[in-house]
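Both complexes shown next keep chain A, but they swap its partner, so chain B is in the first and chain C is in the second.
And then the complex of A and B:
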C-alpha cells in the first residue's frame, strides 16, 4: 500500500558506477519479449545464484476503481489469495512457503502487483500458480464476506485508528478535485462495505488477464531460459483483459487549501506544504529530475531544512522535502517540519519558506547540486540492492508507460541537472500560490 | 443554474394564512396522477385566469453526470432546444414566443427542468412540443459543436472570467470528497471539451423518457382538464428512461478545510464558513426546519449578524446566514461576512463566531424565533407569488423524493420550532470543528 518510487531507483544502477564508497551495480541488461496472448515479459539478469524474484504488474490500480466502488483493486488483491479451481484458499501462500519462498502483493494508485521471491528451481511453480489465478480465482460468498471483514479491519488499523492515517486520507482528498487520486487506496469504508461479490467478480473477469499484465523476473534468469517457462504457463491463458476506462482528469486549481486536523492521540504537531508538480510520466522528465535534486538539496539528514531548522535554529525536531513525481498523472513537491514545543506553526512555516527563498534568491553551488544528487541516489541504492527492489522499479516504470530506455535516460538526466535548474525550480514553486498546506495538531488550538 | 429552494417555498402557502400584512395563499390543492407509461403529472390550480406554467422535471441533474463527463446534463439542456424530427433548431422557442409565452430551462445538481409560461389555450401546444423533445432530439455534428462553443462561452462568462464564480467552484470542490456535488454544475472545462456527441446522445437515449420525468402544470388548470391533454401528448411517448446509476456517497469528514483565493479583480474580501448539515431529503426534517429558523435569526436585514457586525460594530459591510438544506444528499449551514476596509479577516471571523456563541450560550426568545420564522417565510412568499415559483417548488420537492404531504407537513414543522431547538442547533454547529472556510481577497496577503 506504500508509495514506492519507480524511476528513482534507476539512478542506482548507473549513476555511480565507479564512484568510491557507493556499491557499483551493473547496467540493467534487461530483455523484454511479448507472448502470443499480449502479455509482456521482462527478464532482469542479476548475480544472485539460485534466487529469482517473480512479479506480475497489472496496469491499473486504486485510481482505476470504478466511481463509488473505491477499494475494488485492493479487494481483488486480497481475493487473489483465496483459491482457484486447482488451489484451495491459502494454498498459494503455502506452496510458495513450502518451497522456501515468500510472497505478497500491493495495491498502488497506478498499479497492482503480485510477487514472490523463490529458489530458481521453483520458478515454474510460481509462474504456474500466478498464471492460474490471473483468470481462475473462484468467488465464493463466505470467502468474500470474510475477506471484507479482513479489509475493514486493515482499514481500521491503518486509517481510522491512526490520526496520521486519517489525516493523510483527508489531505489526499483535498489535493484532487476530479482525479481519483483523491480517494484512499484501500477505499472509503462505506464503499468497501457496499461492494458486492457480483461487482468485484465482474471487474476481475473484465480486466484481469494477460493483455493488462506485465511479468518481471529478476535474479538468476535470462530471457532465453525465461521464455519457454512463460510460454508454458502465462502463454496458456486466453488473451483476455479489457483496458480500464480512462480516468477523470484534474482541472486547474485556483485556490490555496489548508487542511487542519486535531486529535488527542497526536503527540506533536506536524506541518506540510504540497506544491503541485507534473511528474515524470506526465512528460515533465527534466522538471522531474530537477525536483528530485531540489528535494535532496533541501531534505535528508544533511539537507538545508534540517540544518537550518533542526541543527542551527532548533525550532524543529525534523524537517525535510520530498518529490512525489512517479505517479502517472502528476504529483507534488512536498516540504514538511515538526516544531519543537515552543515553536509556533506560523514561525515554522516562515522558516521553511525562508529556506526555499534562500535557494531561489541566493542560489546553490554546482558542488551542492552534485552532492545532493549523490545523496539522493545513495539513499536509494541501499534500500533497493536486491532482486525484489530491482524487479519492482522495472515493473512500475514499464507498466506506467515508461520504457527500459527511459530508465537509462533518467540517469543521464539527473546527472545533467545544474545549479541554475535547481534555482529555477525553487523559483517556480514559490511563484505558485496554489498550494495545499496540512496541519495536524495534538488538540484544538481554539 | 442557480440553487433554488424547494420545500422552503412550501412555508408560503400555509404558514401565514390569516397573518396580517402577508398575502394569504390558498392551500396547494394539487392533484397528482400517473400516465400509463409511468410519467407522473401534477396539476396545481391557482387563480390566474388564462395563464398556466408548464414544467417538466427530470429526476437527475449535474450530480448524476457520468464520472469524467461533468457537464452532461447541462449540455443536454442546451441540445433540447436544437430541434427534433418535427421541429427545426430554435423552433421550440419561436413557437412558444409566437404564442405569447416564454420558456427556459435549468440544470441543478439534483434535477433538470424545462418550463414555459403560456396562455391556457396554448397549453397543448407546449405539451406536444415538450413530449416531442423528451425522446426526439436530433443529434447533428454541426449543432453539437456549435452548442459546445456556446456552453464554453457560458462557462467563461460565469466562471472563468468571474473571481467569485471561480471561487465558488473551488469551494464546492473542497466541500465534497467523493460525492459528485463537488463538481461544477456546468462541468469542468476540460470535460466539456472532451464530451463526444456519441456519449451525449447515448446518455440522452438511455435516461430521458417518461419514467424519469414529472410534469407540473400550475395556474388556470385542474387535474380533470389536464389529464386528457397529458394522455394525448406525453402519454404517447414510449415508457423509456432507465434510472441513472446511484451516486457515490460522501464519507465522514475529519479535517477542517480553508480555501483561499486572491484575484486582483476582487474589490472587497469575503469570508464564509460552512457547517456540514443533513438536509430535509436526508431524513433530517426537524433539524432542517430548525436550521432554516436559525438562519433567519442570524441572517437577513434584521438578523443578529447584520445588527451586530454592520449596524452596531461597523466592522462589516454585510453579514448573514443561510441554510442550504434542499439538496438530496445533504447540505450546509453557512455564515458569511464582508469586512470594512480596516477590519482584519481574523477579527471578522471572531465576531461572526461570537454571534453564534451568543445564541448557543445566552439563548433566543420564543418571540425572536417566531419573528425569524415570519421573516423567513415573508421573504419567500414575495419571491414566489407566481405560477412558475409555485410549480417549481412542487416539482423540485416531488422529484427529489418528497411528497405533496411533505409540503404541508413542513409548514407544521417550521411552526413547531422552539427557542430551545434553535439554541440546540447553534450548539451543534459550534461543537463541530469540521468546517469549510472560504476567503476571497483582492490581492495576496503575502
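And then the complex of A and C:
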C-alpha cells in the first residue's frame, strides 16, 4: 500500500514511432525469461551504474482475499518481514540495511509487491532473502498478535482517523456491487480482528510460490547476467503456488448512486463523479488511451475544468479529472471539484457537466491533444530517471496481463488518438446516466 | 562574484573539479559554473537522458514573515507560477504544460526552495519562464484572490488534522511568539490582510542573488548552463543575506494535551538538536539514525512497534533549522495506548542517553549509512537538490568523497557523549492530540 495513485501520469514508458515535435525515449529494451519452476523474470537495463532495483510481484492482491477475510494479502505483507526458518524476526531488513539497501512492500488490489534498491554487487543477497521468504515464513503466535495490532494502528492512521480516509472507503464500497474491489485494501476492521493465524498461514502456503510470482530487476543489469543469479536463488524454490480462485464479476449497474457523508472535521465540501470504464487490462486499450487524453484535456494545471471553474467563474477552489484505468477488472473516469464558500454543490455539478458537454458539442483543439501527447511522451522520458518507478510499472503491467510490447507501444497509441476520438469519449460518458457521485461535507450547523 | 563579460562562462573544470567516487559508479566531476552576470552554480553533467534539473534556494523563508503577516512567504511563493512577465496565469501554465516543464517554488521556515525540471530541448524556454516568475511575477487580482482562498482552506483544514495541530502546538510551546513559533501557513487574519503590495515587496526583498544557491544536473554543458543561469536569475537584484538571529527554544519538559475527538492519538515530541557545522554533527547523525530515523529497524521502532504493536510508524529526525536546530519525533497510537507509548518512548530516550549505542548497532548503522548514500542520489532532481545542500551547508565540493569517511570515523565514545548532550529526557517537550490526556 505504498504506491501513489495516478501512476499512469507519473510513470509512462513506451516507444515513440516518429511523429515530428514529440520527444522519443526509444524502446525499454527489457528482456524476459522463465525459470524451470515457472517463475517469470524480466531484466530492464537502465543507465544507473552500480545500482539495481529488485522487485517480486505476486499475481494477486487485496481483491483476491477470501470472502470474509479482507486484509489477508496485506497481513501477509507485514508477516513477510518477520522471519523465516533461516532468518530471525526483523533480520530481513537488517541484512538489507547492513548492505546499504532499502526495502519495502505494498499491497494493491490486483498485485502485492516486495522490493529493494541495492548496489549491483549485493544483488544476490537480496535474491537469496526474497527466495527464502517466498515459502519460508515462520508463523508464531506472539508475533502474529503484535503484528495484528500494528495493522490496526495502520488502519487507524490511514483511514479511521481522517474523514477523507473514511469517506474514500465508503465511496469505494459503494462503487462495486459484487466485485471485491469494493473492499478496503487493508481490510475491514472486524475482519482483520477475526483473521486467525491458521487461516493466514494456510493462505500463504497455498498461494505464495514461484508459479504465482514475477521478478523484475531494473538498473545495472541485463538478462544474461541475471539468469544465473535467478536460477541459483529463485530457481531452487519448488514449483508451488496455486492460482487464486476467480473473482466474482461485477453485474451491470442499473441505478445512479450518490454517497454522502458529513463530518465535523471537514472544512470544505468535496464533490466527485465517477463514470464506469473498462480500462487497459479489459481489452480496451484504445478507449483507455482516449480517456487518458480526455483527462489531460479536462484536468491538470492548464486543463479546462480548472480554467472554467477555478479561474474564470471562481466557483471552485480546485477542479480536475482523472482516468483510473490500470485495474485488471475495469475502473472509472473521474471528475472532481471543491466548491468555494458561496457555491452550491448543484451549481458546481452543472458547471462540470457543462465542460464535458462543451467537449462533446464543440470538440477539442489540436493544441490540447498535442499538449497531452507531448506531456505523456515527456513523462516517459522523465520516468527513465527513476529506476524503482520503471521497475514497478513493468511489474504491475505484466502481472495484470499486459506485455512488454504494450509498454513500448503506449506512446504510439496515445499519438494515434485524434480530437474526434476525444469528442466520442466525452459523448459516451455523457450518454451513461449510471454514475456514482461522492459528496463529503461539513456537518451542518443545525 | 561578478566577472567581466569577456570571461563569459567561467568553468573551473581542471583544478576545482573533483570526481565523486562516493557515488555508485564513476559519474562526471562536479563543475563550478559562473555565468557572465556572476551567478554561480554547481553542475553534475549526465547525458544518459535528455533531461535537465535545476534546484535553487533563496536563504530566508517563512521565519522572515513579520508578526501579523504570517503566511506571506508561502503566499508569495504560490503566486510565482500564476502569471509573470507577458503571461497571465492561464497563459503561463499553458506554456509550462505545452513543453512538459515542471516548475515549483515552495516556502520552508528558512528558505524558498525551487526546482525546474525539463527536457533538454526546452531548457532555454524553461529558463526564460523561470526568469519571468522570479523577476517579473504579476500578482494579478484573480490569482491573488484565488490563492488566498486556497491557503485559507488549507489553514482551516489543518486545524482539524491531528498531525498539523500537534506540530503547530509544539513549535508554539518551544518558540512562543518568535519566528519559529508563529504559524508559517498564516492565520485567518494575516491571510486576509496580506495585500498585493506586501507580496510584491516580499518578492523584491527576498528573491535576490545575494541569497541564492543553485545546483544543476543532467544533460547540459557548462556554457549552456551559464546562459540558462542568466536567463533565470540574471534580472534579480543582488540584495543581501537575511537576518536569521538564533532563537532559544524553551525546553523545560512541557507536556500539553489538546483534546480532539479521534480514535488515534497523535504524539509529537522533541528536544534541541545539533547544528550542521557542529563538531559532533556526525556522531549525532549516527545516533539519531539508530534511535528513530534511518536504519531498517530503529530502537524506537523495535520497542514501540515490533515488540508491543503500539504504532504503525514512529520516527525522529534532526531538523537542520538555521535559528535553532531541533530533534523532533512523532508517532500515533490508539487512544487507550497513548500513556503506555509515552512511557516507552521516554524510557528509550533515557536509556540511550545513558548508554549510547552498542558496538554492533554502531557498526550496522555505519554500514547502512555509507552503503545507502550513493543509492539515494539516483535521479537528476535529487542530485541537483543535493548540490544545493552541499553549498548551503558549506560542505565543500569534495564532500561526496569525504562524507562516508566522516561517518566511518564516528566512535562509540563520541556517540555516547553526544547522546548525553542531546537526549535530555526531562527537558523533552510533548504534545498529545486525541480523546484522552495521556500525561500523568
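In this text, the second predicted complex is superposed on the first by the 408 of 446 C-alpha atoms of A that agree within 3 Å, B and C clash if a C-alpha of one lies under 4 Å from a C-alpha of the other, contacts with A are read in each partner's own complex, and residues count from 1 in each chain.
The working rule: contacts are C-beta pairs under 8 Å (C-beta built on N, C-alpha and C of every residue); 3 or more make two chains touch, one makes a residue touch a chain.
Note that the coordinates shown come from a computational prediction; the quantities given were computed from them, not determined experimentally.
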Contacts of A:257 with chain B and chain C, given as first, second, both or neither
first
Examine A:284 and indicate which partner it touches, taking first as chain B and second as chain C; both and neither are also allowed.
neither
So, A:430: does it touch chain B (first), chain C (second), both, or neither?
neither
Given the touch rule stated above, what does A:152 touch, chain B (first), chain C (second), both, or neither?
second
Residues of chain A touched by chain B versus by chain C: which partner has the larger set?
C
Using the superposition on chain A described above, determine whether A:386 touches chain B (first), chain C (second), both, or neither.
second
For the complex, give me every residue of chain B touching chain A.
67-68, 70, 166-167, 169-171, 173-174, 177-178, 182-183, 188-191, 245-249, 251, 253-262, 433, 444, 446
So in the complex, which bits of chain C are touching chain A?
23-27, 48-51, 89-90, 93-94, 96-100, 117, 119, 121, 142, 145-146, 149-150, 153, 156-157, 159-162, 261-264, 295-297, 302, 305-313, 332-334, 364, 367-368, 370-375, 378-381
Chain C-touching residues of chain A, taken from the complex the two chains share:
23, 47-51, 89-90, 93-94, 96-103, 117-120, 145-154, 156-157, 160-162, 220, 264-268, 300-302, 307, 310-311, 314, 317-318, 338, 340-341, 367, 371, 374-375, 377-379, 381-382, 384-387
